[in-house]
Every structure is written in C-alpha cells, then in structure tokens.
Amino acid sequence: MIRIQAEDFDVGAEMAAMNGDGDVGALASFVGLVRGGKGDEKIGAMTLEHYPGMTEKKLAQIEAEARTRWPLEDCLIIHRFGRLEPGERIVMVITASSHRQAALEACAFLIDWLKTSAPFWKLEERSGGEEWVEARASDDQAAEKWAANK
Amino acid sequence: MIRIQAEDFDVGAEMAAMNGDGDVGALASFVGLVRGGKGDEKIGAMTLEHYPGMTEKKLAQIEAEARTRWPLEDCLIIHRFGRLEPGERIVMVITASSHRQAALEACAFLIDWLKTSAPFWKLEERSGGEEWVEARASDDQAAEKWAANK
Amino acid sequence: MKLLYFAWLKQKIGIAEEDITLPDDVATLGALVTWLKSRGPGYEEALGDLAVVRFAVNQDFAGLDHPLSDSDEVALFPPVTGG
Amino acid sequence: MKLLYFAWLKQKIGIAEEDITLPDDVATLGALVTWLKSRGPGYEEALGDLAVVRFAVNQDFAGLDHPLSDSDEVALFPPVTGG
C-alpha cells in the first residue's frame, strides 16, 4: 500500500497493523527524517514538492516490483510533502515477510528506488536563502545495484 | 543500548526516542515476531530460554561491533524471553544514522549476528508436544557473510 | 498538450503548468525542448543544461527521443531528491 | 567449577546447573565432556553428538581445546535459535 500525504504518521501503529495475522515473522522498516545538523552546521526546515499523479504511479510500480522480487506478506510506503522541520519524519517504508532476509532486502530496495524514481524535490531553507537539494550520484548507484542484481 | 526483558515493547515510542536531536536522518528497524502459520500449519506459542549474563555480554559485544563498523548516532536492541504467543514481538533492532546506508546495513548486521551469537533457545508448542527449534544453516551463512565483509 | 514544471524549472520558467498546442513539426521531447527554448529567456535558462533536467511523458520517465502527441501530459523537472 | 545446562541439554541431564570440583586431570573442555559422560546416562545422551552442542567458558563461546580452571563458569547448550 502507498500513501502520499502532508500529515505525519505513527510508525508504531503502522507496524502493529501489519503483524496481525498469519505468517509474518519479520518486519523491516526505514524512516527518513529531516536532519537538524550539529553545532555550527544547523540545518533549517525544508519543503517537499511533488508531482501528484506521477508520485502515486511510481510508488505503486516500485511496490509491485518489490512484491515480484520478494515473498512479502505486506508492504507500506508513506511519503510526506509540504514544509517539514528538522527531526520530522519524511518517509517510511515497512515490509512484512515470513523471514527476515526478504523483509530486510525489500525494505532497502524500496528506499533506494524511491530515492531515484519518485518525483519529489527538496527545497532547503538555509542562512543564505532557499536552495534546491541536488541529487546525489551515490543514490543513482544504490538504485543501479538493484537493477544489476535483478 | 541493549535490553533483555520478559515484557513487550513499544516500537513507535522507541523509534521516536531515537530521532530527537542532531544529525539523525535515517532510522532502520527490524522486528521479529512469533509466526502464527497459515491454514493447516498453525503454529502454537513458544518459550524463549536464555543464559542471563552471557546474553547481555554478547549483545553488548554485537552492538559495539556495529558501532565500530558504521557511523551510528544511536542503536537499540531489545530481546524478550519467556512464553510468547503467535503475533507477539520477540526482538527489535533500531539503528540511527545520518544516512540510510549505514542504518540499513547495521540493522541487517545486528539481526544476523544476534541470530547466531546471542544465547537464546526457542521451545515450540506443537500438536505433538513441545519441540526445541533447530538452528538453521542459513543463519550461520548470513552471519559469516559479515565476517567475510569486515 | 499539458506541460508541467517542477522545482527550480518552475521558478525559472515562472509558471507551474501551461496548455500548449503542439506545433506540427515537434514530434519528440527533444524537439519540444528546442521549441520551448525559443519561447523566452526563462525557458532558455531553465533548459540550458539538459544534464540536470529530467522528463516524464504521461507520468513515466522518458528520454529526448520519446515521441509526442498533442494529448500527452509532459513534465520537466530536476533529478528527484525525495526519500 | 560452576556448570550450566540449557534447552534440551538441561532436560536430558535433568538439572539446570551444578557445582563440581574439577578433577586434576581435566584441563580442557574436551576432557570435561569426556568426564561428564562418565557420570551417568543423562550426560551420555546429552553429550552423545557434539556436533549439536556448543560451549561457553566465562560467558564466551569456546572450543573443545579451551583450557579450564576450577574458578571458571562453563555452559553447555545447543546452537542458539533466538532473534
């Protein structure tokens, strides 16, 4: 399941909702937060812009791909948009499977792919004004690793 | 930090306590549950026995090893003992780091190593009586992978 | 054709979206980019370095050789930075 | 010396722990195992297949050649299955 929303989410409640029945023995999760920085390198708030419609389409494709690759009992992706302060949750991925390997790998896959194929853009508030975050080559490499390991 | 306890734990509260300050941008978690099985393969409760003293020592060693390998802002391992019903949480690992790769890898490392070096034993209640769970070769292989990649 | 702009492309072009009639001789994304750049300095600045521009046609990523028709939804944006 | 047994080793031997005086000629874990097996059928059954027995000396995993002293805490148990 995927959800794109401005509101915060409750990680514990979402995970609890995924272990109700059957054969779930492993829940893996990833939560991305707005970093606050340390000492002199304090980071301000950021605003997440997205492409409504395409975001849903891409996240649904990514989820379907993960379910093809691993035997998942359940899968949830939540991504927020709008203005977020340091410490706030941006994104969450939860995967549920019978065994841990599938849950852990699928979770890493989902966040790696989401980083490079979900249409979100971060605008950071800095001391010198606003600045769009640049994409990192390491994110492309992380996603390509999964393409090679298909 | 490590905790060994009979009581359940609150995943959301534990994760929230780890994103308070500074440079945490990524939280990875793993939660292991008692599987309930499906259809005709229903699984009963299990009892986790452990070796008090050695358990604390090994988990602390595993946590220290993870902190040596990855730049973690925080790290929490909780493992329960005693009788647990299907669907109940057994173990939780949370790792916090600036970036996702460190958090995800350290989380997978911790649960892999914990599986082979923390002195816990599972006694399953089955229709034919009680049975001690046998160790799986795949768990040894998962732990050895990290030794090779040191 | 519906055109959508995001992030700094939206800021440089000055609008979030617009409806255009696709010229007869514009048959691919690459030709569309060339045509857009002729429409003013904002477009020219936004599309000056295509290494940092990505494209979607009908909400799927597409390359410059992707064919276009007037009923398509085309989006132009920087490499994504979510997650 | 304090001896601890866990899981099915505890069930087969019939006790969770015991204090013994280490015989003078028992200097390693391997020698301890041989000596224990001579103490009764429960021990013999529990220690019949050492491929499924693991050892800890003072709460660290140890092999059969590990040296012992009378002040050690020695534990015998099956391969672990937690997590």
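Letters are used for the chains, namely A, B, C and D, taken in the order the chains are written, and counting of residues starts over at 1 for each.
Operating definition for what follows: a contact is a pair of C-beta atoms (placed from the backbone, for glycine too) under 8 Å apart; a residue touches a chain by one contact, two chains touch by 3 or more.
This is a predicted model, so every value here is computed, not measured.
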Would you mind checking the shortest number of contact hops between chain B and chain C?
2
Farthest chain relative to chain C (centres taken as mean CA coordinates)
D
Gap in Å, rounded to a whole number, between the CA centres of chain C and chain A:
26
The distance between the C-alpha centres of chain C and chain D, rounded to whole Å, is 73
Based only on mean CA positions, could you tell me how far chain A sits from chain D in angstrom?
48
So which bits of chain C are touching at least two other chains?
83
Junction residues of chain A - those touching two or more other chains:
32, 100, 111
Each pair of chains that touches is included here, namely A-B, A-C, B-D
Contact footprint of chain A on chain C as seen in their complex:
4, 6-8, 56, 59-61, 75, 77-83
What residues of chain A sit close enough to touch chain C in their complex?
32, 48-51, 53-54, 57-58, 79, 90-91, 111, 114-123, 132-135, 139
As the complex stands, chain A meets chain B at residues 10-13, 15-16, 19-38, 87, 89, 98, 100-101, 103-104, 107-108, 111, 142
